[in-house]
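Here chain A shows up in two complexes: once beside chain B, once beside chain C.
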Partner chain A sequence: MRRYTEHPFWQAVGILLVAYVVVVWVVPLLPGSAIVPKSVVLQYMATVLVGVLIYVSDSEERWQRFKEPITAMLVEPRLRPVRSGVLVVVPVLVGLVAYGQVQTTVAAPPNLRSIHPAPPTEITFRGKAISLTGLENPLRQHPDSLPAYLADGKRVYYQNCLPCHGDHLDGQGHFASGFNPLPANFQDNGTIAQLTESFVFWRIAKGGPGLPREGTPWNSAMPKWEDFLTEREIWSVILFLYDQTGWTPRTWEKTGTGDGGRGTGHD
Partner chain B sequence: MIDALLALVLVAPPVPRPSFLVPVQDTTKGKAVYVKWCAGCHGDGGAGDGAAAAHMLPRPRNFTGAIYKIRTTASGQLPTDADLLHAIDEGLPGSAMPGWRGRLSDAERRDAMSYIKTFSSFFADTSQHVVALKFSSPPGGGTGTEALKVGRQFYDSIGCRKCHGDQGRGDGPSAPTLKDDAGFPIFAADLHQSWRFRGGGTVEDIYRRLRTGLDGTPMPSFSDLVDQKFLTDQELWRLAQYVRSLSPAKPPEVRDVIHAPQIAGAVPASPDDSAWARVDRYWFPLVGQVIHKERAFAPAVSGVWVQAVHDSTTLALRVSWDDRTQSPDTAWLGFEQRLLETVAGDDSASLRAERWPDQLAVQFPHRLAGGAGGMERPYFLMGGPSDPVYQWRWTSQPRRAVAGLARGIDRFDTLPGTPAAQAVHDHGEWRVVLTRALAPSDTANEVPFDAGRAIPVAFFAWDGSSGEHGSRMAVSTWYFLALDRPTPPSVFISPVLAMLVTLGLGLVVVRRAQRRGTTR
Partner chain C sequence: MADPLLLLQAAADTSRAYGEFPVIGARQFIWITAEVHLMFAAFVLGVPMFAVVTEAIGIFGKDERYDRLSKEFTRLLLVAYSATAIWGAMLVFGLSTLYPRFWAYLTAIFAPSMWVYAALFFIESFTLYLYYYGWDRWKKGRAKLWHWTLGILLNVWGTIVMFIANSWLTYMMSPPRDITPTTDPTTIKLWHAIANATWMPINVHRVIANVVFGGAIVGAYASYRFLAARTEEERAHYDWMGYVGNFIAMSALIVLPFAGYWLGREIYQYDQSMGITMMGGFMSWLWVIQAFLIAVLFLTGNYYLWIGMGRIPGAERFQPYTKYLLIVLVLGAIVWGTPHTMIADSKELAAMGGSHHPFLGALGVMSAKNTAVNLMILTTFLSFLLYRRANVRPVVPWARAGTLIQAGMFAVAAGVVLFYGIRGYFVEAIVRIGYSVYQVLAVLACILFVTVIDVLMARGAQSLGAIRWGKMPPRSQYALFILAVTFTWLMGLMGFARSGIRQYWHVWQVMQDTSAYAATPALGYASKMISLCVLIFLSLVAFVFWLGGLAEKSTFVATERGAQHVGH
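Entry: the complex of A and B
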């Protein structure tokens, strides 16, 4: 056993094996990481291989010892079965890799979608023009009535939004798996936490069909809620979304020029 | 200020603690969690009457009655704390109840569980000692033919088939009469979809449900039959193993692209052609149409299995899905009426049970998008006025399929060319095969099925006996259909070349090494 652990050739083999196991099986287990794509695995392995080669060729003596088993495999008469095996296995592997490269399968086209497309400056809500620029949630001007608005927002949410956006507001309702893109996750710091309430109002009122092309409106299952809800109900449910998740809406910066839009509302 | 507070504390009368209510538990934290996250469905008073409740089937649990389906305790007994916690942590598959593990902290879930128990006085009565049943372990060989035969024998003899049906799809003769204790209609479980079993889909889960029954529902406990020696514990395990064998070994995985292989000879036009057994099948989940009025909050069809093949001139698409009834079915009219009264919709007041047919729609874009990526396509929910979709619509009565262009959910214009359709309803399952030539006869309106590209496809299903028609249906998003080309021989040239070159190089290396070895 010791003969192997101290031999540079078997050390190199061991390091490569451990690196492969770590990259392919251990890394995905780390919190917040995912399965490593094959091309990235290849890059990691190439890096490790270069490192190993630098190590074994570092001293002349180690390099000679490293080459011993390889030369033996190529030359020694008693290792003839191993030699033949390598000569068969390596070309077959190369053939399989080449086949994997040339074989064509039809894949789903990439789904490139702008998640927060630029909103219009004005929308028409049931025939009434609403300017979105600089717009705040009007219900916040009545602090005394907020509990009542929140309660109504909660009712609206549970009767309409729950099947997709879910009990925990994380976009994992019992219908969510049927749709692509998945319903928005309001608990995530990349959705309502980054948006002004006027943007959220636009998305709720106009839904998927109101998205610009870069938002892939043909895939979105978000209804056009102006068909179901009143203006006040939408503002109420927006209050509920922020209250329930604990996020605060992004606010319009006072620019002094009256132009509240410049880089303030949305990305 | 501090003085005033102190005075308040000093003056406050001691809270009376009735000695018969032991142990007194602090439920304030549990109440806060419950009010924030649970009350929307289960109601502020725990009566299962929250804002969302009327849109759900099964309804959210009514905690005031302390009757729980999923327990480890004997029939008619209260659940253990672990049972309640398990339902909270893992959720109830096939219902709207999510698993809260990872969403709420351990302490929050435990506090909510304790609070839920305060809705019923049964839990306060500590003279009732709640204990989980002792369950045996499953006997081996549960997937063997002999074991499954024994399981099937008891499936028949203890009456499972009366509700769950001969093949287990919940279509037994008693199924249309079923109600739960609250009077709501309840479906006999479809035993082919174990991933939707409320109490879990493993053999152990099924065995436990057989031992404990589902309290508050028509599903009884079979523990007494074991006690009476009508069947042995091992035979009850065999029954659980048989039930498990009806569903796929693993929950179906949703894949984006249906690959339609090219086959030699004509495509199988009949749903029961043996050729279909050799074709990969794909599962697509369907969910309620909750985008347009009238919405469907509790759709009947939970998904479709799809297979496709082509023979370079014709495409055959086989769609199968579980549907208890061959609608219209008068035996289910009463059940349909109860469903309509139970699940609120946008106009449920005016809905009366009628004899609607079952329907299936298969949707493609009107035209295949060109350009880079080919990403753009019509609105997934039946297109729009300016971007129609090409659809096949099959109905159970009249039993036929038509093709047409849909321009939104309300507008469907039939086309003269129709796909050939053959359908079978067999023990709670529809199997429909639709075939059409790859090259359309009407190039202006019909989509061409070109091999080697991803063609968007979507599915819609209606169960007439659940009152589904029009916009009340189950829908899918866009997926893709790819007609595979047979692998051309040229594909093998470069791998073979690569192998030969590698082998040649290897031989050269060996030869040189050996020559050097001998000269040295």
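Entry: the complex of A and C
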């Protein structure tokens, strides 16, 4: 056994197997985790493979030892059955992978969608021009009235957003499973937690149809809420979303020019 | 900007605004000529920096090898200069015939700077001729210093030329805010247009990137000559040259991300939708590719050093530790390359509850990525340190204490990086952005102070044997090739990100692209175009390398007739 554990070739095989098991089976078992998409498995395994190749070849002695079993398998007469097996199994595996790649399935292909497409500098809301750059939630300027706004936001949410975004604001509403992509999960640290309130206002007001092409508007069932809600109702529901999830909206960086700051949106 | 203005502008657009190039199309022609011109320009700006530094080491360190190295590179520059000029001319002819309206607009603003540009290019070329052909004539004493000054001047001219060209392209990205579609270009003050928001960040980023690129190309040339070498002496020379090239490339690479960060920040400050398109919108996938490629650079650069330890007596003391460095680098690469929004099919999306992975998604945000990259930089620096110390044993009485202090500095820097990386998850974005500055400062401070201690500690150190230059396996040289190819590819990819975020504007929100090619290309298509540019450039560079060898052989023949032998 030790002969194998100390040999670079078998160490390399072992590391690759362990990495595969961890990524594909162990990570999904962790609390709150889920399966790792195939694209990410491929990326991780490619990185580990590069690391393994560096490990076996960064010293001449280790490199020579690593090659020993491969050379032996290819040239030694006693290993002819193994050689034959490898020469059959490897092309078959490559063929199977190629077949799997080109085979048509009923599932939609993986989607490269921009979740946070760039917002416009300015929008028109029911004919009124609103500049999004540097825009803060105007309702926050009246701290005394916040409880009333929050109550209004809660009403708006439960009347309009609940069926898709769910009671827990986690995107698991009753209708959620009927949509692809799924409704946004506000509890996730990748949605409203990363955004300014002006971005969220733009998304709610303009919905799926208002997404730029890079945001694949044809992939969103979100209505254009400016047709149904007032400006104040939208700002109220935004207050409610942040209040309920505990996230803080992204703030604008002050540039010192007194213009309220052109934004930084990067995390 | 109001829509009627756009309509007016489109209406004013005549059929003479755009030309068409046969077979490949106008945009593709401009793309290829601009990209290959830029790559050659980076070559002819990066290599002189390299040449002048190595010449200085030769002069002040009294080491003839460095002088030879410097001259060898200047010889390559002669051919590369012509290539730069040819591709530049093709670009200008392309712009004036295929995009005449846009070209007329640019010239209306920048004409005087274009004349200065041409004049400086002329002066730069003649400085190069004097620098190269005067090498053997001004070889000793005061004349050598005069010769070195020519090298400095060559860099000064080249840098100014680049700054001028940068002003044109940065104006296209970030024209001053008071300029609108109705502004008459002839009324725009030249300096006002030049000193736009992204001009200086691009200048700084490109100067550093050119050093990296110069070093990588030097490394690739050396590896080519190493693999083709017939004698031990030649192999030793090119092995050493490859090491120097790699050292310079990797050293400059360490500071490059900070300049890039500044540029990105300025883009956001200028226009947040441009910034979001770049980092969070459809261009964000380029950053995942970039992360992967930079991980390749780190891994390959370290790999080269670790193999190189095989030719250093005494390095066996450190070799057992390299596997731990490798583990940090691989884990860093995994974290850095983890996308925030994952490519997944509908089944996977349903299982994850969206395109963010509930567990791995935590690795997709900046806190994790900044931590990973800073630890990778620290690890690479540690590799350099081990390499540097491989064949020496410090004899100063405080050597042990010094080493302990160095280790402490590494621990503190890594601790600061990890602390702010983890804390970044618990604060709002505006605070988190500031944390990256502390992480960077911790790493830079560590690099600076550890280097100072190391230099002091190395005084009078006992040698464990000379480095056996030339005793390198061929695979180490392929690592140098990988570095040069990856750098070139990265330049093309990230250059596309910078330029592509203008989308359908020639000049952002001032002049629309109303041609048939106004749409921003899909990433897959762009990647293919960039790869094609890289192939064209590298094929031409291979030709330049081959010419370099050819010239050397002819000199060698001349030596037999008693002429001065140049080069190696």
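Basically, the second predicted complex is superposed on the first by the 150 of 267 C-alpha atoms of A that agree within 3 Å, B and C clash if a C-alpha of one lies under 4 Å from a C-alpha of the other, contacts with A are read in each partner's own complex, and residues count from 1 in each chain.
Basically, a residue touches a chain if its C-beta (ideal position, glycine included) is under 8 Å from a C-beta of that chain, and two chains touch if they have at least 3 such contacts.
As the structure is a computational prediction, the values presented were derived from the model and not from experiment.
Once chain A of one complex is fitted onto chain A of the other, the partner contacts of A:W218 are limited to chain B, with no touch recorded for chain C. Of the two partner chains placed by the overlay, only chain C lies in contact with A:P120; chain B stays clear of it. Once the two complexes are overlaid on the shared chain, A:C164 sits against chain B while remaining clear of chain C.
Of the two partner chains placed around the shared chain by superposition, chain B is the only one that A:L87 touches, whereas chain C remains out of contact.
Residue contacts after overlaying the shared chain place A:P209 against chain B, while chain C stays out of touching range. Contacts of A:G178 after superposition: chain B is touched, whereas chain C is not reached.
By the touch criterion defined above, A:S39 reaches chain C but does not reach chain B. Once the two complexes are overlaid on the shared chain, A:A108 sits against chain B and chain C alike. Once the two complexes are overlaid on the shared chain, A:Y99 sits against chain B while remaining clear of chain C.
The interface of chain A with chain B overlaps its interface with chain C at residues 107-112, 170, 172, 177, 180.
Remark: chain A residues 71, 74-75, 83, 86-87, 90-92, 94-99, 101-112, 154-155, 157-160, 162-164, 166-168, 170, 172-175, 177-180, 207-209, 213, 216-219, 221-223, 227-228, 244 touch chain B in the complex. Partner chain A is touched in their complex by these residues of chain C: 264-265, 268-277, 279-282, 284-285, 292, 295-296, 299, 302-303, 306-307, 310, 319, 322-323, 326-327, 329-330, 333-334, 337-362, 364-367, 425, 428-430, 432-433, 473, 475, 523. Across the complex, chain C is touched by residues 27, 30, 32-40, 43-44, 47-48, 50-51, 54-55, 57-60, 63, 107-121, 133, 170-172, 177, 180-182, 184-185, 188-191, 194, 214-215, 248, 250-251, 253, 255, 262-267 of chain A. Interface residues of chain B, counted against chain A in their complex, comprise 36-37, 40-41, 50-52, 55, 95-96, 98, 100, 103, 254, 256-257, 259, 285-288, 290-293, 297, 373-381, 384, 387, 452-454, 475-480, 482, 484, 487, 491-492, 494-500, 502-503, 506-507, 509-510, 513-514, 517.
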